[in-house]
Amino acid sequence: MVPTRSRRTALAALGALAALALTPAAQAADRWKPNPPASSYGPMFDNLFALITLLIGVSFAIMLVVLLIPVVRDRARPGHKAKFDHGNSLHDKRFTAIVSVTVFFVLDASVLVIAMQDLREGFWNIPKPDTPDVLQVEVLAQQWAWNFRTPGADGTFGTPDDVVTINELTVPEGRPVVVNEASKDVIHSFYIPDMRIKRDANPGAINEIWFEPVKSGDFDILCAELCGYAHYQMHGKLHVLPAAEYDTWLGEASRIAQAGYDASDTEARWAWEFKGVAGR
Amino acid sequence: MSGDHIHPEPTSFLRKYIFSTDHKVIAKQFMWLGFVWLMVGGTMAMMIRWQLAYPGKPFPLLGNILYPRSGGVIPPDGYNTLFTMHGTIMIFLGLTPLLIGAFGNFCIPLMIGARDMIFPTLNMLSFWTVVIGAGVAFYSLFVPLGAAEGGWTAYPTLSSNVGTPGHGETLWAIAVFFIGASSIMGGINYITTVVRLRAPGMTWGRLPLTIWGLLFTAALNVLFLPVIGSAMILMVLDRQFGTSFYVPATMAQGGGGDPILYQHLFWIFGHPEVYILILPAWGIISDILSFFARKPAFAYKVTVGAMAAVTVLSAVVYGHHMFVTGMTAMLGESFMLLTMIISVPGEILFFNWLHTLWRGNLRFTTPMLFSMGVIFVFGLGGLTGIYLATISTDIYLHDTYFVVGHFHLTMAASSLFGAFAGTYFWFPKMFGKMLSERLGKLHFWATIIPLTIVFCTMFFSGYGGMPRRYYDHTDNPYTNELQWLNVITSVAAFVLGTAQLIFAWNVIKTVAVGRQAAQNPWEVGTLEWTVPSPPPHHNFDTLPLVTTGPHEFSNPAIKDGRDWIYQTEPLAT
Amino acid sequence: MTRLFLNSGAALALLAALAGLTAPGDEGEEGKAPAPAGPFSLAPRTAMLEITQPDKQLAWVKDIEELAGQQPGRFRQDGEHWVDSTGEYAWDDENEVYWRTVSAATLTRGRQDFVQFCASCHGMEGDGYGRSAQGLRPPPRSFHQSTFKFTKVPGEFLPNDGALIKLVHHGLDGTPMLKWAVSDDRLHDILSYVKSLSGPGEGWHDETNEIGPEVFTPPDPWVGKEKEAIDEGRKAYHVRQCWSCHPAYATTAQINEMRGGDASQTYRSDLYYSVLKKDSSYEVQGYKVAILPPDFTWQTLRYSSTPFETFQTIAAGISGAGMPTWGRATAESPKGAVDESEIWAIAHYVRSLVDTYHGKPDARAAFMASLRGGQ
């Protein structure tokens, strides 16, 4: 056996090492959960997540208890015998059936039903283009940046006042934003954690998602699909402006876009046009 | 039929140890291959965790040897190679050879009472095909531009020439193809052996559950490995011969493929692959729990039925990997429903395991601890799967660390625990020497505690919104807020990695100077324990006549004071 | 394709290709761009990872002894030659420069890293037309041109390695040119390869070119008097007619007043917007791409997040984009038209514009409207 003193020294050394290794963690224990949702259907995620956590937490606790009771009670010892039972009786089968059906309905089916409702109301409830107030935005992903295109003040794409930006998307608060995404090269995934949305941007096909920001501010846009070496550097900003300020922004942005418009540079618009050919 | 399979024992070194057709030797070959690659893949995991916790700091010891041009710091391309090869190696070259190659080969003939596999040469070929695949994968690490960098899922168009120039990705596809071909050979062999070579009296109802697990795995292998094989062929054609199966028309002149096609092909294979890895573990622990609870496996037929149901359903749930690729609402909802349904047989298995333990006479041997560990980690991983099966929560969690935590607990940790349980359990039979129980128990506790911390912390970072496969989470403000979780994960991961040295030491010490194992150290009645440890060349001098089931523990009909009975002994009625 | 499989020679080639030796269907020679129009050709691009010819590149001119004095340990002398980790330097009597011979091995390493990190935008051939860069504005630099925008080296010189490495590590804000986490060791090789892409007799292959230092940057004379600097800078910005390309940030009356009451100046009608520069040297597939100079209250500045960086950008100018060099190379160089303290003041002023109005559409709109109202 190791002498107590050197064991204590070793323990102290181990503790010091662990403390040293964990220092960066202790320095920056900022956050372990998402920021509050900033989109209209964001709370649906939070609520369903909480419900599932509750359900599986209870299930897991029950499982642990059922696992631990025999560990404590039924450990092998002289004079103790196991109960001989193949579990093939009708009673056992009925019991198994009842428990599994109950678990399915409590754990799976309830979540399933709520999820379907949420999806129809939220994620899949993409506003039709003719709905008033809908803002159409296009996303063209590339290695390793997000290109955004917003129709200018005239409200249509393909005109000199289209606002094209890199890594910065500006949208108004309180209006549904429909995002059409595609990619130039590899698959990317458009992910705004605070809006609780994500969808892949595929080359050669167009994916549609929508969200309605309910608070103004700056939010992070991340890429959630491996897209090469700089996958981790592919992030942008979503600026949500109050509706009036957005109108100001859009007016000026379209005017500046016009100032920078070069009619003979067809190449500059190629990427957006091919997207139209691909799917719409 | 079964009597036909007697060959003289080979005498030359080459035929005896290298190109052997003896299932026991092939099992050991698979086992060493698996252990070596688990070590390589594990080291890669340590490097990944180092980079994530301490980005831009040189990796200790190995860094300067592997990455001299960046001063020991793992560069972004090196990092992508690391996580790609970590996944590929762990799945295809670590766990598959260990669980299916080693235990499948060793257990099937011995447990069903056969003298060898039905196709011994195919069996040998299956091993050497894996070696070719492993060789190609290893070679790919040294080609210009390095090994594959497209993730173990290798989605085009990143894995086409568009995203990964160089030969690494091509060689990766070829390696996976060879490993898949090997699994198909093995699968055909296992199924045919179990169907044709069972000893007299070994009815379907008397098969140990380990064999059932391996049988279902073999079926999945035979059905779904061809799919990945064809996907790999198309990928090689795309990369080397200018076809465009996976490259859309918008990107290639005269093209017209679809990257989503690959995702379908991959996950049609990829989801069953999860069950390919977990079914043998389920079978093994179903047996071991009964063996050491000294109690029959609860509801044997229901367990088999549940495993069969999982096998069938595994083929129709793969779409849940693609909820955010652009799947239509109807398809998404169908896959969500099917995924929820597959949890039912899983629940039944849990129920039967817990019921097997209930009112048993539990012997906490190392195999038993690891089997109970499977219940724990698979419970944790399986339940968190509900978040990911549900589209509305998966949208947020997809491709974050939540997924990483989930699939490591279910597919990696559970299968690995099953493999450890099997190793501790069958080691005396395979090598004739007992692994140290003291070190084994230390290994168990030193593994399960950090392992739980590692993957549960990943749930938190994923819930916080940290995408996976990032080289450096401090690069953007959003994930930088979650960096402190990375540090905790990594420190726990280093402890976990170090703890595996206990196991390595245990194995090396035992093989070198271990104590001789008795014929039946665990007091278990299945057929492999009726023969000496290690078994002779032809396993059984006379083919056994099976008269009882595998789990007749504590049967009141046993009158001689034992609580177990060999499958060859008749139960007094 | 069928024949290819039947042909045993092709089968051997296939084996060789799989073994990573060669690849069928190599794409063109080095330096020759493919001719994509819209969707690009998908012939295999795995080839050309090896370069067999060493390249002669212009290196530090004339004063290699001095440089060796500044960086002890970098060079060793090998007879007539100077050697460092990147190549061998030999004096060329006729042209009076040191030529550096970069070995094929260095270029191969550089080429491979270039393909890994740079080719998706800058193109497999370094022509600035990578698959991810199509339609990207402003376009990525074509390395066949040997001009660089934000190296902070005065426009008449080729940028030195240190400046280029600094640029790669810094990245260009608001573009896909990221802050690359590539080690200096690998960057040196990448740069050698990039320099080898200049056309024959151009760029680093032109012995009349000189590699220049970072622009002369005296200490900021306005430390502690930033407010005065901004006022001074505002005056200098408008008097020096920065508004002939960039927007003006004062009413015409105010500008006249800054010019000392001189009302002879005529102003363009869209004084509060930038002027599209159609004469840039930015070529994409032969087309000269127009560049819009930034409006400091609106656009993201590429490499100017501190007054120091802004000073260097203004002083060094932006090669090929129409922004002239306002400063000078070294303290010994003849003084330019504008004094350094004035450039510092303009830098402070530009920063104050960014800080006050960038990303604040309402405040900016009110400010600009007040100017237009007073025009």
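Every chain is named by a letter (A, B and C) in the order it is written, and numbering of its residues begins at 1.
In the analysis below, contacts are C-beta pairs under 8 Å (C-beta built on N, C-alpha and C of every residue); 3 or more make two chains touch, one makes a residue touch a chain.
These figures come from a predicted structure and were not determined experimentally.
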{"item": "Chain occupying the middle, per Cα centroid", "value": "A"}
{"item": "Higher-contact pair (C-beta pairs counted), A-B versus B-C", "value": "A-B"}
{"item": "Centre-of-Cα separation between chain C and chain A, whole angstrom", "value": "37"}
{"item": "Distance between the centres, which are taken as Cα means, of chain B and chain A, whole angstrom", "value": "29"}
{"item": "Cα-centroid distance, chain B relative to chain C, in whole angstrom", "value": "51"}
{"item": "Contacts with 2+ other chains: residues of chain B", "value": "76-77, 162, 247, 249-251, 471-472, 475"}
{"item": "Set of chain A residues in contact with two or more other chains", "value": "143, 184-185, 228-230, 233, 274"}
{"item": "Multi-partner residues of chain C (each touching 2 or more other chains)", "value": "39, 116-117, 131, 179"}
{"item": "Contacting residues of chain C [partner chain A, same complex]", "value": "38-39, 116-117, 120-121, 131-137, 174-176, 178-180, 270, 273-276, 278, 284-285, 287, 289-290, 292, 295, 298, 300, 359, 361-362, 364-365, 368"}
{"item": "Of all residues in chain A, those that touch chain B in their complex", "value": "18, 21-22, 24-34, 44-45, 48-49, 52, 55-56, 59-60, 63-64, 66-67, 69-71, 74-76, 80-88, 92-93, 96, 99-100, 103-104, 107-109, 111-112, 115-116, 118-119, 122-124, 143, 184-187, 189, 191, 193, 196-200, 202-205, 207, 220, 222-233, 235, 274-275, 277-278"}
{"item": "Residue ranges of chain A touching chain C (in the complex, touch as defined)", "value": "142-145, 147, 164, 166-168, 184-185, 228-230, 233, 239, 241, 245-246, 248-249, 251-252, 255-256, 259-262, 265, 267-272, 274"}
{"item": "In the complex with chain B, residue positions of chain C that touch it", "value": "1, 4, 14, 17-18, 20, 23-25, 36, 39-46, 49-50, 112, 115-117, 119, 124, 131, 179, 181-183, 185-186"}
{"item": "Contact footprint of chain C on chain B as seen in their complex", "value": "56, 69-71, 73, 75-77, 143-145, 160-162, 165-167, 170-171, 174, 239-242, 244, 247, 249-253, 255, 471-472, 475"}
